[in-house]
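Here come two complexes built around chain A, the first alongside chain B, the second alongside chain C.
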Partner chain A sequence: MDFDLFLLFLQQGIVSGLVVGSVYALLALSIVMIFKTSEVPNFAAGEVFMAAGYCALFLLVFQHMPLWVAIPVTLVASFIVAALFRRGVLKQVAKASGSPVNLVIATLGLSYVLKGLVRRTGFGDTPRSFPALISTDSIMIGQASITKLDLSIFITAILVMAAVFWMFAYTKVGRAMRAVGMNPKAAQLMGVDLERIHMLVWGLAAVISAIAALLISPKILMTAEMGSIVTMAFAAAIVGGFMSLPGAVVGGFVIGITENFVGLFISSRAIVVAPFVAIMLVLILRPQGLFGGKFAIKKV
Partner chain B sequence: MTMTRRTLARAGLTTLASLGFAAFAASASAQEPGLTPTSIKIGMFAPLSGANMAYGFDVANAAKMYFDKINKEGGIHGRKIEVVLEDDRCNANDLVAAVKKLVEQDQVFLLNGGSCSAAVVAAKEYVVRSKVPLVMLNASGDGALYPPTDYIFGAFSISQYAVGGAMVDFAAKAFGAKKLAYINHDDAYGAWNLEGSKADAETLKVDLAVESVSPTINDVTAPFLKLRASNPDALLIVTYARPAALLIKKAAEMGFNKPIILSVTGTANLSQLTANVGGEAALKNFYVQDVLADLPGGPKIKWVYDMYKASYPDLAAKPDHPQSYMPYGIPSAMSIVKALQAAGPNPTREKVIEEMKKLNFDSGVMAGPVVFGPNERAANKATIFIKFDGKNQTLMPGVFTSRWKYKG
Partner chain C sequence: MRIIALLGALALLVALPFFTTGYVVYLANLLLTFTVLCLGMHIVIGEAGQFSLAHAAFYGIGIYVAGISGTHFGTPFPVSMLLGGVAAALVGLVIGTVALRMRDIYLALATFAFGEAMQWVFLNWNAVTGGPNGLRIAPAQLFGLELVTDKHAYPFVVISAFIMLGLTILISRARIGRSFRALRESEVAAQAMGIPVQRAKLAAFGLSAFFAGVAGGMFTLFSTYIHPDSLGFSTTILVLTMVVVGGLGSIGGAVGGAIVFGLISELLRQAPSWQEIAYGTILVLFMMYAPKGLFAFLSDRMGRLRHG
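And then the complex of A and B:
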């Protein structure tokens, strides 16, 4: 490989990795938010992402609704479904057994239900194109070529992440969510309505997943299996440290860029393996993740 | 008088012998499951419901309408074909269950089914153990065809080895390509495609720059950039529909203007492909492989579409019918009919298998003839290519095939 080609691959790998990594980061953020407050890894995150994409596709393409109606309806529907799942299913499962395993199984159940529903509609039978809301004309950043759509994906994802961090840092509800994540019993004693916060966290996480779906769907084509992208989000969350919101974001970018570098400099066959190698390296070298802090023994 | 007696005695003995032989032959035939003096029972299976219904529902209908035509013309040696149809949903478990039901409960003479390769390959072991002939519908089913067994015949659409080889053949002949960028999947299909491509590339003295990707790939930037960096004369895409659309879209975004050639496995719906690649601009220099003898609905195969309309007027009135792969059912049904005819009035499964191995005929439906042999179980290896600009389809001259041969 000559030096010019090396430079081209390097620049393109970073730029493309940041774009796709920003979507992984959003999904990782939604997973970590839920895990921090309820200690349940949400295995339905990919299917929530997928179902939200199909909901928007249905409204925009098949119902011909205007954008300003279709997108808010999708986001609100995602919020309501996830919040009701927390209230109607997870709360009951927790009350019935209290075992975290059962809660995880319940999220797996939701993933199958959502995938089944989308398949039932018939829209998921063939790869479908989500209308690009921004032009796909190319622009050059150095030697790297990306589309205006790519740039808008990156900027929107950054804005959403900034809004989430602002909410956690500066709003009452955000502080309540953090308090529930740190010590739910103490938060309850201080007057925080635990169930309301859990519902809000699940709803908000679903909204973030839905935004990720709206951003990436015009790029990746939609199928009922598109939720498998969540594997990358879990990888991002693990790399960042499963309890760290900034870690999830950095992890997303690390996975996105790693994927591209592996494809460009090693082998296209190795792209799918790259995130798992990254996970294993992190688990061996820094088990708490890049931003996870040191392990501490929790006294009960 | 003596002469007459002798003649009569001889005639009597000859008649008795003939009757005895006929009775023996009849009893032999009677032992064959699914065979009566007036009917031959064929067990058919295809995806009649579910997400993969488009792969085989109308293919089975096409095969059935051909059998109906033969029945109307008097059947095969006086026997009418009786079809027992099961839904396999293109799922390995459902398909094996359907095959077992057809063989053990319905006692069919032979099997005619399979529209999805991965599912039909799952029935291989049972079919070979049961010694029931299986003539596939439209699955390529290479995994069940190589190494060859006595009982399974398929690839009436095309063998996956031939898909890849014919792509190289077309690129070399139509564009004089000496260097080809080639992208396939990192699974068994991809390996079969690539093996065929390499055989043709070697013969035609063409260099292949190969990238193999996962069927679930989301970001095709890296493999595309590497292929573009090889400065190819054309880009060959031998993938499933979703990665194919992503690659064509990426090529347009990055200003790639060399010919892009898509395998038959990469699309089932050209209008959906146009939407998925972002519109006609991405298809300025685009060619797609097909395995029929003509453009869909073209004059050479119009009779198949006419027969479908006459046989299934209600279905034909629906917007999604006939499904794209419908004509593929005809060569499969034709092969069964020809083998049964050649097996004579007292067919056995073994006789039919021997006749299947000798088949060599042009169905008039597919791009190439159906050719089996002592060591060959894949029917078709020929393809045509269509220039598609997002709206219009133009048939490229010639038929393109693979030189790959099974060497096992």
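And then the complex of A and C:
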């Protein structure tokens, strides 16, 4: 490979990687948000993402709703479903046993139900394409070419992340969420309504997943299996240490860029396996992730 | 009570091939294979409390090693099955050495990643696994006896399942089983009691991989074809679900869960979307109202009926 081509690939890999990475970062953010407050890795994140994408597709394409109705309706629906799941199901699961395994399995249950429901509607049987809301004309950044759509995906994702970080850092409810993540009992003693915070966190995480779905859907073919993209988000969350929100974002970009580099420099067949190799390497070399703190051993 | 149930089950298993069709026998073979997978999962999660999400990978290694050694080298099937189990256990020990330095969620994710990577290997190592075309497996054979149909294979599948069940009970009653349970309850306390924590974890992991590998060998007794698609995360989740629905931590739960949940999923096979909805709903309802599993739930109810 000569040097010019190498430079071209390098630039294209970084630019395309930042675009898909921003979507992975959003999904990773939603997973880590939930993990920090409820200690549950949400295995339904991918299906929430998929169902939200289908909800928007249904409203926009089959019901011919205007954009300014369809998108808010999708986001509100995602919020309500996730918040109700937390309130109606997980609360009872936690009361019944409290073991994290059971909570994880309940999220797996949700993922099956959502996938089955989408298949039931019949839209999930054939791959669908989501209409591009922004033109796909390409523009050049350095030597790399991306579409206007890509650019808007990246910018929207960054804005959403900024909003999330602002919320966690400066609003009362964000501080309450962080407090619940650090020590739920103490937070409750300070007057935080635990159940309300849990519902809000699940709802917001679902909204973030829904935004990720709206952003990436025009770039991929939609199927009922598209939730498997969440593996990349889990990889991103692990790279970032699984407990750190900035870590999740950085992890998203690292995974996105790695994926593109593997595709460009090695082989497109290796793309699928790259994140798992990355997960294993990170876990072996630096088990706490790039941004994780020290391991704490649970006392007896 | 227990003995009567066991004898009843045994009589049913023996009588089954005489009055049913090939399909029912095939189903019985499959359920028994899943029972062994569940026993393996039971050892690592139920007894030792270590999360392992790579079960399908070990199962796959068992299938490919047993299938290839039987097909290409003509080994008698008990040898192929044992080879499958040992190969899976060796890989499990290697992965375990690395992965078991982590705990909880990190261990779960590391084993998950390994499982997915193995599925990729199965799908892309064309020379050995046939890649996306799948692998044809020759009928299992022992001293000229060929197991061509499900009914031929059935007695051997039943015997293998009972051997593995006996092995599970032995492990659970032995010193090593007790150290697994101590580990599950508290790692720190187990260490303080002088249990070599790391070695016990590794043993649980390796044993569970061995069980999955033997289950893979059992699969090659009655099946002639394997495709990597059926060796992914969803299979691991199916096994985990069976163990949890039956009752995490009890051998009876693992066996019962495999049979009950296996039957449910087979009944719903014709309607994949309903199957998924039913799966999900069952999982969620169990976690909400019967977190200790079906059998604990039932005996709890029975006890209440009896004692008011």
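To be clear about the criterion, the second predicted complex is superposed on the first by the 296 of 300 C-alpha atoms of A that agree within 3 Å, B and C clash if a C-alpha of one lies under 4 Å from a C-alpha of the other, contacts with A are read in each partner's own complex, and residues count from 1 in each chain.
The working rule: contacts are C-beta pairs under 8 Å (C-beta built on N, C-alpha and C of every residue); 3 or more make two chains touch, one makes a residue touch a chain.
Please read these numbers as outputs of a predicted model, since none were measured by experiment.
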| item | value |
| --- | --- |
| Contacts of A:Leu117 with chain B and chain C, given as first, second, both or neither | second |
| Which of chain B and chain C A:Ser268 touches, first, second, both or neither | first |
| Chain B versus chain C as contact partner of A:Pro127, first or second or both or neither | first |
| First (chain B), second (chain C), both or neither touched by A:Arg286 | neither |
| Which of chain B and chain C A:Phe234 touches, first, second, both or neither | second |
| Chain B and chain C contact sites that coincide on chain A, given as residue numbers | 119, 269, 272 |
| Chain A residues touching chain B - in the complex, by the definition given at the top | 5, 8-9, 12-13, 16, 20, 119, 124-129, 132, 136, 138, 145, 147, 216, 219-221, 223-225, 228-229, 259-260, 262-264, 268-269, 271-272 |
| Residues of chain C defined as touching chain A within the complex | 45, 51, 98-99, 101-102, 104-106, 108-110, 112-114, 116-117, 120, 124, 186-189, 237, 240-241, 244, 248, 272-284, 287-292 |
| Chain A to chain C touching residues, read off their complex | 35, 41, 89, 92-93, 96-97, 99-103, 105-106, 108-117, 119-120, 231, 234-235, 238, 242, 269, 272-273, 275-277, 279-280, 283-284, 287, 297-300 |
| Chain A-touching residues of chain B, taken from the complex the two chains share | 51, 54, 186, 211-214, 216-219, 221-223, 225-226, 229, 241-242, 245-246, 249, 253-255, 268-269, 272, 275-276, 278 |
